[in-house]
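To keep things simple, chains are lettered A, B, C and D as they appear, and every chain counts its residues starting from 1.
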Amino acid sequence: MTDKKGIKIATIGGGSSYTPELMEGFIKRYDELPIREIWLVDIKAGKEKLEIVGAMAKRMWDASPYDVEVHLTLDREEALKDADFVTTQFRVGLLDARVKDERIPAYYGMVGQETNGAGGMFKAFRTIPVILEIVEDMKRLCPDAWLINFTNPAGMVTEAIVRHGKWDKVIGLCNVPVGAMMMEPKMLDKTIDDLVYKFAGLNHFHWHRVSDNTGKDVTMDIIDKMYSEDSGIPANIFAMAFFREQLDAMRMIPCGYHRYYYREEEMLEHALEEYKTIGTRAQQVKQTEAELFELYKDPELDHKPEQLSKRGGAHYSDAACETIASIYANKGTHIVVSTKNNGAVPDLEPDCVVEVSAFVGAAGALPIAFGTLPPAEKGWLQVMKNMELVTIEAAITGDYGLALQAFTINPLVRSGETAKRILDELLIAHKEFLPNFSEAIAKVEAAGIEVQDEVVKEMLSK
Amino acid sequence: MTDKKGIKIATIGGGSSYTPELMEGFIKRYDELPIREIWLVDIKAGKEKLEIVGAMAKRMWDASPYDVEVHLTLDREEALKDADFVTTQFRVGLLDARVKDERIPAYYGMVGQETNGAGGMFKAFRTIPVILEIVEDMKRLCPDAWLINFTNPAGMVTEAIVRHGKWDKVIGLCNVPVGAMMMEPKMLDKTIDDLVYKFAGLNHFHWHRVSDNTGKDVTMDIIDKMYSEDSGIPANIFAMAFFREQLDAMRMIPCGYHRYYYREEEMLEHALEEYKTIGTRAQQVKQTEAELFELYKDPELDHKPEQLSKRGGAHYSDAACETIASIYANKGTHIVVSTKNNGAVPDLEPDCVVEVSAFVGAAGALPIAFGTLPPAEKGWLQVMKNMELVTIEAAITGDYGLALQAFTINPLVRSGETAKRILDELLIAHKEFLPNFSEAIAKVEAAGIEVQDEVVKEMLSK
Amino acid sequence: MTDKKGIKIATIGGGSSYTPELMEGFIKRYDELPIREIWLVDIKAGKEKLEIVGAMAKRMWDASPYDVEVHLTLDREEALKDADFVTTQFRVGLLDARVKDERIPAYYGMVGQETNGAGGMFKAFRTIPVILEIVEDMKRLCPDAWLINFTNPAGMVTEAIVRHGKWDKVIGLCNVPVGAMMMEPKMLDKTIDDLVYKFAGLNHFHWHRVSDNTGKDVTMDIIDKMYSEDSGIPANIFAMAFFREQLDAMRMIPCGYHRYYYREEEMLEHALEEYKTIGTRAQQVKQTEAELFELYKDPELDHKPEQLSKRGGAHYSDAACETIASIYANKGTHIVVSTKNNGAVPDLEPDCVVEVSAFVGAAGALPIAFGTLPPAEKGWLQVMKNMELVTIEAAITGDYGLALQAFTINPLVRSGETAKRILDELLIAHKEFLPNFSEAIAKVEAAGIEVQDEVVKEMLSK
Amino acid sequence: MTDKKGIKIATIGGGSSYTPELMEGFIKRYDELPIREIWLVDIKAGKEKLEIVGAMAKRMWDASPYDVEVHLTLDREEALKDADFVTTQFRVGLLDARVKDERIPAYYGMVGQETNGAGGMFKAFRTIPVILEIVEDMKRLCPDAWLINFTNPAGMVTEAIVRHGKWDKVIGLCNVPVGAMMMEPKMLDKTIDDLVYKFAGLNHFHWHRVSDNTGKDVTMDIIDKMYSEDSGIPANIFAMAFFREQLDAMRMIPCGYHRYYYREEEMLEHALEEYKTIGTRAQQVKQTEAELFELYKDPELDHKPEQLSKRGGAHYSDAACETIASIYANKGTHIVVSTKNNGAVPDLEPDCVVEVSAFVGAAGALPIAFGTLPPAEKGWLQVMKNMELVTIEAAITGDYGLALQAFTINPLVRSGETAKRILDELLIAHKEFLPNFSEAIAKVEAAGIEVQDEVVKEMLSK
């Protein structure tokens, strides 16, 4: 990096509605991260969005005091060539695929969700083969680059990159810890600098403890506040409180997504209610996205619009910018990342990927060793990590039995005929993006299975 | 043992309907296990049953060529004093408690079962404090005795004995592996001596692999047969087949109880169907038991009646007799036991209790090192063991938050308000047998919570 | 195996002086192990010995009531083809190589020994590439055969077979545990059947505990006897007693080879004394061997001569025969073997090779889970296993730095210039048998290093 | 801490010659660490030194712009009462004890050293009971204080504090990593801020890897420089280079003390040479110390004299001041500390103490997860940690057998009669400071064993 004239960033899935947040994050950090060129790359199906959001990105840089080239391309190789940092924010199958992930399980009364349950596993099935192709490209085109992934399910995707892609220069990011660290200091009338955070677990499945600047553990103080004020759950998670008695036993703060596991009944009820009325989250987001792209078309707009923060993934891109700046400027910032465990969470194997507090600098993420967890959290963590490993193996092999094993071990899937039916329908519905499963899908089709949800049915008929 | 005139056996819960099977097992092994005296001990509430089955036991020995004293007593200390082997087959709260364990979850649409789900956890809550008292008595009265436990949930009970009772001379037993080893050789037209069995896992949650006498792994051959013939599932488990594709991925044979986890939907449906019609398993068993005790009253009956084998726990007592004989005669028999792991299942801590193939002799159980399991089974095992550990800790501390944590992590409990409600109702319903939880129960009562199931309601009103 | 007309055994290194013991072992077990043909294979350099001992072997079978073909061959492929069991008792470089392993370190005042210290590491360097070739041959020629290895260093050789050869059907054997189990029961006026043995550790580096038939731990009783009577140390280990206080702290019985580690000073003194006077062990053994072969030439001799038991490796071959018979007849015999850990010794990784008590049957060795060791033994074990792993890696890569790392971590090598000199001289002295190290050896030669020990010098000048 | 008027520091062993460095460290950090009072406490035998160095300390503060009270006391309770930070730099038995630790092994041709080999183990035997007493005092008198230990052997002492003292608010310090991080950047023409350091291992037994500010691993570049320039080994370690081939295989930089293990022969030769000529290190240090105290007596001297840096322990105290300031001001500084592993070094148990890179702030040390080590380093680490654990257990129990086990497993002790003799003589020589070993010492005395080294003999005769 040092010998270059400036930094080259390549953003896979550059046509995403999040791109303006990413640009904003780079602009405000330009002094410590002097970018020369940004390459927004997307696939043909995303060309229109890429052009809209790309034009918007150019306007944002034009409105800044900095001279940065923004390139739009459908040629991934051109974008990756000699890149210093590659960020990934693509979505295989676009939001339509997410609609399927959500609606097919919901039709049968199960949780359909982007990163959890049957939907999360299918997002992994679709995404992992693509990310592994990108990694292979990077080995050829930019072997010294850092890969900053915020494509979901970020934990499994990062695990696949490290374990199967054999690529270590990767950091997986998520906005959930960012949200907690923005909200909780306020609850205590403190700033983030007054507090010491220790996160440990997996992506969308972690806990944290907090100490104040005198070394006192203030975790329970925050929990006390959570039960008296707004608990600050990210916008895309239904705001159901944890059982207080459970937190008293745990003495850690679970992440928002833990509601799917600690209040499964209510989260499911809520999801099914939306399914039956206003549509699932992806359907809602499609609407928000359409509105955002309408805004982005405005040739006068040259800054990130307020509406983007409602999109649900706020702070994702900012976390990415901060991570890149920390690596480039060797800042040693505390960031919660998905990275190789190395022992940080000793209840899991040292060679798997975990999401933990880390200090990020020129050498990448230095994860903080958290120590062993109490039995309940240890058990949860171990089952979730192994569910991830089976899911990844299924994604790569396309083995139907492994996919069924992954479904069975996933705590949000009730095993049995219905689960198997959901698996079969999802295979059919995502056929286009699951080449590894072609053999298994052929068998399912031969058995005459058809998707039942009307919305998905209509999508498939097009 | 060597210097004694003969062996003293003490059987806690001696009034059990299983006692005749135990006697039969001892009678047929008398040559290698020369018993001098058997003490059947029970609590006051079990006095009548003890007298009936005790008289029957005496008739059985009288009909044998052996001179063995059978003592009936309500004084546990007298029974334990200088015992060589203590067997435990008691049921805290009798079958009525099991009815509650089954019906209260079922009322709310969840699995109520003797050793799994909410019911299994409550059986642990009731049983563990009692077994720890027995262990304390043994330290005083028969410090060299072996404790052979077949009180359920046998895995958690054995874990509590080792971990909290600090008593190592214990072997936990179960009839499930016995059943598999009786049925499967027939499937292959072999005898058990032609096959090598390797079991690993936890009580009611294990897998096994089988080789034949040429060293060939015949696990998949047995699975093939399972899908063509009777699968030989123990009478108290609904005969739902596993998904073949899952077994193909697993390449091991799960135990019958795995149906609760691999076919949760169907097992639940079946249980709820029974709940609504013929009554839960305990209610059925109560009927069987009543019939058995009627038979036992027959002063002519001096051998184990055929009907006992329908009771569901067949071979339990025989496994106990074989275990005792193997220890006494240093036989080195292969028996599947709950014992300290010591590394046999390396995916779990060396100091926890597992259920594994072991060679049993004078030094107790020598567990066979099974090696690491594939990710899916590893994840299941780790979550189940940690669920057990949290359950045991809750049983001992009476901590409501830990009980809730145990419920939440248990794969058969859907977390949320309903689960919490089931927890609350079970606490109230079992109040008499949960002294450790008295504080928690007082709070639940103060909140005005009442049991809703009509059958249990009526029991409580008595 | 079952469908064959009889069993085919191939013995690599068939010209060994131990072969008559092997034949005797097979003859006495013929009823349970009906062998059809035995192939004794050796290399050209061993042709004469093969012919002598082969003729002797034939006479032994002729004198038996059994009709077994004994084939002598220099063609390994012919011998391996369709073999059921392959036994390995070869010695790369013959006894001359052992003389070098012993004398070069001793010249510089360090332990030179067959399986420990610098000599043991060089025996591994020479043997591992050869055994891996044999394994490759077996994959082609007899993929279902069992490999019974008693070529030293048996632990490292077995580890290499499993880890690098990816061959699981292997059992490593050693006569040291056999010796202990022959001697100790006598000390207690018991038979082996009255005792329960639990061994754990590594080849030539294990401990054991013993219980009697009442379950009582009699380990300390045996230790008491060891200090009052003959301690029964194998003939090739100098009879130096352990410090009693150390055993009192340990409460286990170390193997004879532990003297090299627990009484390093005295063992070294003794070895150096022999080096300076009667010659090292290999030099003594050469004499014994010569005498044995003279005996074997006697056309009247048709049974194993008494003198063989003085050779030092007595019971090795018998252990091999018992192991083969246990596998073939699915006997489930307790044998101490080198096999994949699988958790039996939880202080080491589950996938490494350990030497432990196992029950041997049709499925091979089922290792007994021993549980964690106390800190002192745990530390020793971990350093020795890692020394083995580094040694094996050096053997395969021929990397000089790794060889130096292996020397440095080996507790019997005092690190520094002298150790490096010993490494260099051994490389040169064994050049012929170390093709993997050719590059490193060229550098050492270029540096003008020459062997100093007169005996080895003379060997090399030939 | 926050609510106090200022910080109270208590320094156990306040009469140490290092105290002026400590004062200097506090003075230069006063702005971020506003100390109110410093209590220098020592035992009666150290009263004179305490008064000299205490007066010097007062002069240093008087010469500063800050108003800080310095108290001198022999009353440890008074010093500890309400302390915020306790630093420990005491030496049980003073330098005379170190002379014995060095000379008795050297008399018999073995390494005598302050923290390694027989001497290091005896320093642990003397120090651990005292530090555990201090911890008990702290529980009563300053339960919220941080204990900053730099009493050697710092690793074992910290381990004892955490494991047996059950005191988690402790950080162990050492100047060795400080030295490396001062020297190596210069070798690369960089500053420390340009580099990312990752240390892992144990006190006086660690390795490190270094990356530069572009993320490039520059470890081998530093090693290249080490072989072309001054290697910057701390003054109290003989400057013997590592074998380059070994470092090439290792690809990490060992600490200076590794010379005792990687070049044992030469380090021993050097030590024995000193023993026979100028006296052991302690004897040399006694001279330096005497000179230092002469300087300290000068009523004009009010700043740390240059000569102190020759003492060997330079930067120890500065590291302590930086650690305290980092905790107080929540700085998050990278410091290499002895702290609870928590998984940072996954090759060791999560609950033991390791020496690793950590970020130090209000919540104490957050250790960086280093990941697994290659086999050679893993083996070394495991044997050393277990040696530490056995040594600590011996220190606490006074068990002779365990002490012998510790000696035997220690790589710098050649086991055998001589080692046992050294153990016996050291027990006698340190009798006064080894109350836990009184029974063992009585036996040794009864056996008529006497110290042979003339210098120690004379000491004992006084």
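Throughout what follows, a contact is a pair of C-beta atoms (placed from the backbone, for glycine too) under 8 Å apart; a residue touches a chain by one contact, two chains touch by 3 or more.
Quick caveat: nothing in here was measured; it's all calculated off a predicted structure.
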item: Chains touching both chain A and chain D, listed by label; value: none
item: Fraction-based call for chain C against chain B, same above half, different below; value: same
item: Longest centre-to-centre distance from chain A, chain (CA-based); value: C
item: Euclidean distance of C-alpha centroids - chain A vs chain B, Å; value: 44
item: Distance from chain C to chain A - Cα centre to Cα centre, in angstrom; value: 55
item: Per-residue multi-chain contacts in chain D, two or more chains; value: none
item: Chain C partner contacts - residues on chain D that touch it in the complex; value: 243, 245-250, 261-267, 375-376, 378-380, 382-387, 389-390, 393, 399-402, 404-406, 408-409, 411, 414-420
item: Touching residues on chain B, where the partner in the complex is chain C; value: 1-2, 146, 169, 193-194, 196, 198, 211-215, 327, 330, 332, 334, 340-346, 350-351, 356-357, 359, 361-364, 366-372
